[in-house]
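Next come two complexes, and both contain subunit A; in the first it sits with subunit B, in the second with subunit C.
Let's look at the complex of A and B:
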């Protein structure tokens, strides 16, 4: 008996969302099959990989990163430029660690200034992330959305606590893209999308950050949440969950012990920065095969590896 | 598993507003009811133009095109005893959002409507009755089988047949209610789809009781396997019940605002 190829057809399709402007702008989404299942149907846009930079100097991460980016010194815009020119990520994620009121508590004006300089130096799309203080992030996001009008940036993220302010300013007033963050809670993921919709934000302006975890740190919850989302969005054609997914895996990966322990602490574990890269690559590719349409990594070696992985499978 | 399919019943020539709208070719009252039902969450709209013996073909084409043009090709159920009018309606029908549904065939005089649906690649409602009310479920299921065979001989996909167990009025036929639920379960066990005019059950009951009776009956029917119904989607209690059934059966994912969708 001959081999009969079966295909799995779904009713739903992931929305396409455009980030950035000009030649380096790109779309994500557009898939009506499981990730990379191009043999089943339309695999959509190729998944994208961005690099994380910070408004704080690279030395705040580790000596290894300070060494890697030493040419840029403490200038965030120069750092962004160096990353784009040397490593060619699909996008750059600028994270405002320094805005945290419990840390350096940089003013909103300072943050806007940095964001403008970075945006001027790069041509790839810009993703702006906050300090994880919801109130401060709302203020920073609103002002940055205004200052970078026309750049089509992604704001990472609107949460249950601040979606109104972030959604209204980011997407409605200044036409930027919004990520809806739901920390591995599938019902909240759907609810936030509904709430943003009720606020008047168009579906084409929303991406989901459904939460993440480094592999080995509860990642099974991340992957099962993504599975359930795809079952609803593709299988049940649930249009409140057909937003593409972005996962900032670097936010979690570099704070677990495999990445933090020095070689003096754990002599048997080998080179510290390589451990971080291994964790980052494992987490990023796991997210991509589970349903992420874009991931954010920190190390250029991770970027290179993950991009190669995507190209081979696409 | 698909979500429960809601067919809106409010464009019906039994309503004086719709009857005169059809007679005068006045679209406004028709569009108003179409919009109310779609806003309330109807998936399909039933369009009943009455017997329409005289000008049925023209009326059906007019109303199908008008509603589909105005409401992004909403899928429709073509409801009239005039076969030619149904065929004429299908000719101008846009299928982009779903096949037309013929309302209805039965196991008696109207069994040919199954062939009409098959010949036009339409779906059909198949009423499990011949003359009047089926005596018992043996008879109901025999009718169901007869119509299924007729459909399959004509090349229909059983998925395109919605079997109607015939809901009966509680006030007067209380003893028949459990039988109807059992018939739904049998149809469901055969892997077939089903539908029916639910509000029959509360006919004659005081107005304030009807939403409760309809809502409870739909929940019990869905649990028995009913896959769609012809209802008034503007009845909020009924729609909230249907949406909650979809949540409990895992056909839609829960979110705090699920009733607002």
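Let's look at the complex of A and C:
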């Protein structure tokens, strides 16, 4: 008997969501098969890769990043421009580390100013992320959403704690896209999507961040949560889970020891920045294979590798 | 596909003699069907019935043991596609590739790398488990390299499409339970002969999945059932598709012809790009590679890959925990600081490693925090002021210490006030966010 292919057909499809405007705008989602299973059916839009920048100087990350971006000096907008021109990411994620009330505590106005400048300098879609302080983030997000009306940015993110404010301003009032962030649990992801729906946010405006971790650091929960979400959204056609997934893996990767330890700390481990890139590539790709439709990385070499990986599998 | 309780019941004598320890044959049969009891527990089952049962309950994917002694490992044997359904059992192995074009320095360099990258992570030793030596055209060089790398005591994988060279090579390493790769439709009978004679696993390859399928059947007919399938294909997309389809055909398609482990030449697919190698190897850890062939090993490649693999192959039903108690580092004294963390094995592993690296005496107090990470247990309400107070009280540390200092993880700095209230007489110090910074922190503390 000859070989008979076991094709797996699903009846659900991941929603399509558009980010940005103009030539560099893109859609994600549209897949009705497991990630990269184009041999089963419609693989949808190609997964997208963005690069992370910060409102704080690159030197706050490490010497190596300061060196990489030294041309831009301490100017965030120049940094964004340099990243777009030199490395051609699909999008740029601007993270407001400096807004943290326990850190620099930059004012909302200051943050909005930076966001405006960055948005003016780039043509790829913009994603804004906060300082992980829910209250402050929700103020910053509301004002940025207002100031960047018409740019179709993604706000990263609305959580159980602040989804009302972020959802109302971001998606309803100013028509931006929002990311619904939950913590590695299918039920929490579903619940937040439902709550946003009840608020009146259209499903075409929502992307999910279902939580993430660096490989080796609880990543099994991330991949299993994604597997379960996809099997529910595709297999059971559960439309409360059909939002595309974005995963800011760089937020976790660059704070684990494999990326942080200097060569003096761990002489056997070799070049520190290359270690970080390997961690980042491994984590990003693992998310994409598990279900992310977009990932955020920090190092340009990771961007290059992950983009190439996506090309090869698409 | 397994049998139902009723089908198994039909195989029993139906006498309800109770010798199996169950009141009725039916009760026994239900337990067998659920996998809780072995059929052998009934002394009256006929061999014929046993045969029927074992055929019907054979796992969809075969399990093989390869390598000898310390190097011995199992591959295959998976029963599900996703780890939340049931624990994945045999983690994919990493093989470092050698071929006959390498000169002596290049061979030595790789051998040294394989030796260097060998470390512990949460109770598991991490290293490349196998070496693969590929024959191209230079037999002498090939056999020399095989001699050299087989000294490493790893699983030896010999790759040769030339059966006579394969025979010579296997002869050299036959006592190590090696794997022979390179069987195709042209050399199948000779390769099967070598593999059967040595009772080793044989690797098959073909240009398409359809041809690979036919080849498996041909090998089966020729009498060899211990097989690995080379699912590499011409390019990355094909390798992914092949590897997924082979695993899926076996697990959900119920097609035992593809019920074998896979091997993928990630080194070839990545074309010299080490970051791409990491990308592909990671992909195969998640999507069904059984042996992953890399061009080389180094810490920067190993750290993410082995970390990922360890994560994926843990039991989803039970988090890895350590015992809640006081751990001692460097003979702590009555004025040494008490560090506080949780009973999640990963966290303990990271934190204890750093305290050791700090080389300064310290106590490490671990309450019962449900086996979760610092923030998870805190968010779950299992790592708060009262839990910590109870742990301190029960530890007996208060009686031992003259200087009561409790260092809490930076990520739960918010707990400081609570703990201070719960533990009068203690100085509560917020430590750094990352365990990495513990050595520096302790140096400045003392």
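Basically, the second predicted complex is superposed on the first by the 314 of 314 C-alpha atoms of A that agree within 3 Å, B and C clash if a C-alpha of one lies under 4 Å from a C-alpha of the other, contacts with A are read in each partner's own complex, and residues count from 1 in each chain.
Following the convention adopted for this analysis, contacts are C-beta pairs under 8 Å (C-beta built on N, C-alpha and C of every residue); 3 or more make two chains touch, one makes a residue touch a chain.
This one's a predicted model, so the numbers in the text were calculated from it and none came from an experiment.
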Notebook entry, point to check: Fit or clash for subunit B plus subunit C once both are placed on subunit A?
Noted result: fit
Next item on the list: Applying the touch criterion given at the start, work out whether A:190 contacts subunit B, subunit C, both or neither, answering first, second, both or neither.
Entry: first
Check: Of the partners subunit B and subunit C, which touch A:281 in the superposed model: first, second, both, neither?
Finding: second
Next item on the list: Determine, under the contact definition given at the top, whether A:255 touches first (subunit B), second (subunit C), both, or neither.
Entry: second
Note to self: According to the stated criteria, A:112 is in contact with first (subunit B), second (subunit C), both, or neither; which is it?
What the structure shows: neither
Next item on the list: Quick one: classify A:245 as touching subunit B (first), subunit C (second), both or neither.
Entry: neither
Note to self: Between subunit B and subunit C, whom does A:228 touch in the aligned arrangement: first, second, both, or neither?
What the structure shows: both
Checklist line | subunit B versus subunit C as contact partner of A:236, first or second or both or neither | finding: first
Notebook entry, point to check: Comparing subunit C with subunit B, which touches more residues belonging to subunit A?
Noted result: C
Next item on the list: Identify the partner contact of A:158: answer first if only subunit B is touched, second if only subunit C is, both if each is, neither if none is.
Entry: neither
Check: What is the angle, as a multiple of 10 degrees, that the CA centres of subunit B and subunit C span when seen from the CA centre of subunit A?
Finding: 80
Item checked: Three-chain overlay, closest Cα atoms of subunit B and subunit C, distance in Å -> 12
Next item on the list: Kindly list the residues of subunit A that each of subunit B and subunit C touches, one partner per complex.
Entry: 228
Margin query: Per the contact definition, I'd like the list of subunit C residues that touch subunit A in the complex.
Written below: 82-84, 116, 121, 209-210, 212-214, 217, 235-237, 240-241, 244-245, 248-249, 252-253, 255, 257-258, 273-276, 278-280, 282-283, 285-287, 298-301, 303-308, 310-312, 314, 316, 346, 350, 373, 379, 433-436
Notebook entry, point to check: Given the complex with subunit C, which residues does subunit A contribute to the contact?
Noted result: 1-6, 8, 36-39, 183, 214-220, 223-224, 227-228, 231, 255-258, 260-261, 265-266, 268-271, 274-275, 277-279, 281-283, 285-286, 289-290, 301-302, 305-306, 308-309, 312-313
Notebook entry, point to check: In the complex of these two chains, what residues of subunit B are touching subunit A?
Noted result: 3, 251-257, 260-261
Note to self: Which residues of subunit A touch subunit B once you look at their complex with the stated criterion?
What the structure shows: 186-188, 190-191, 194-195, 198, 228, 232, 236, 238, 240-241
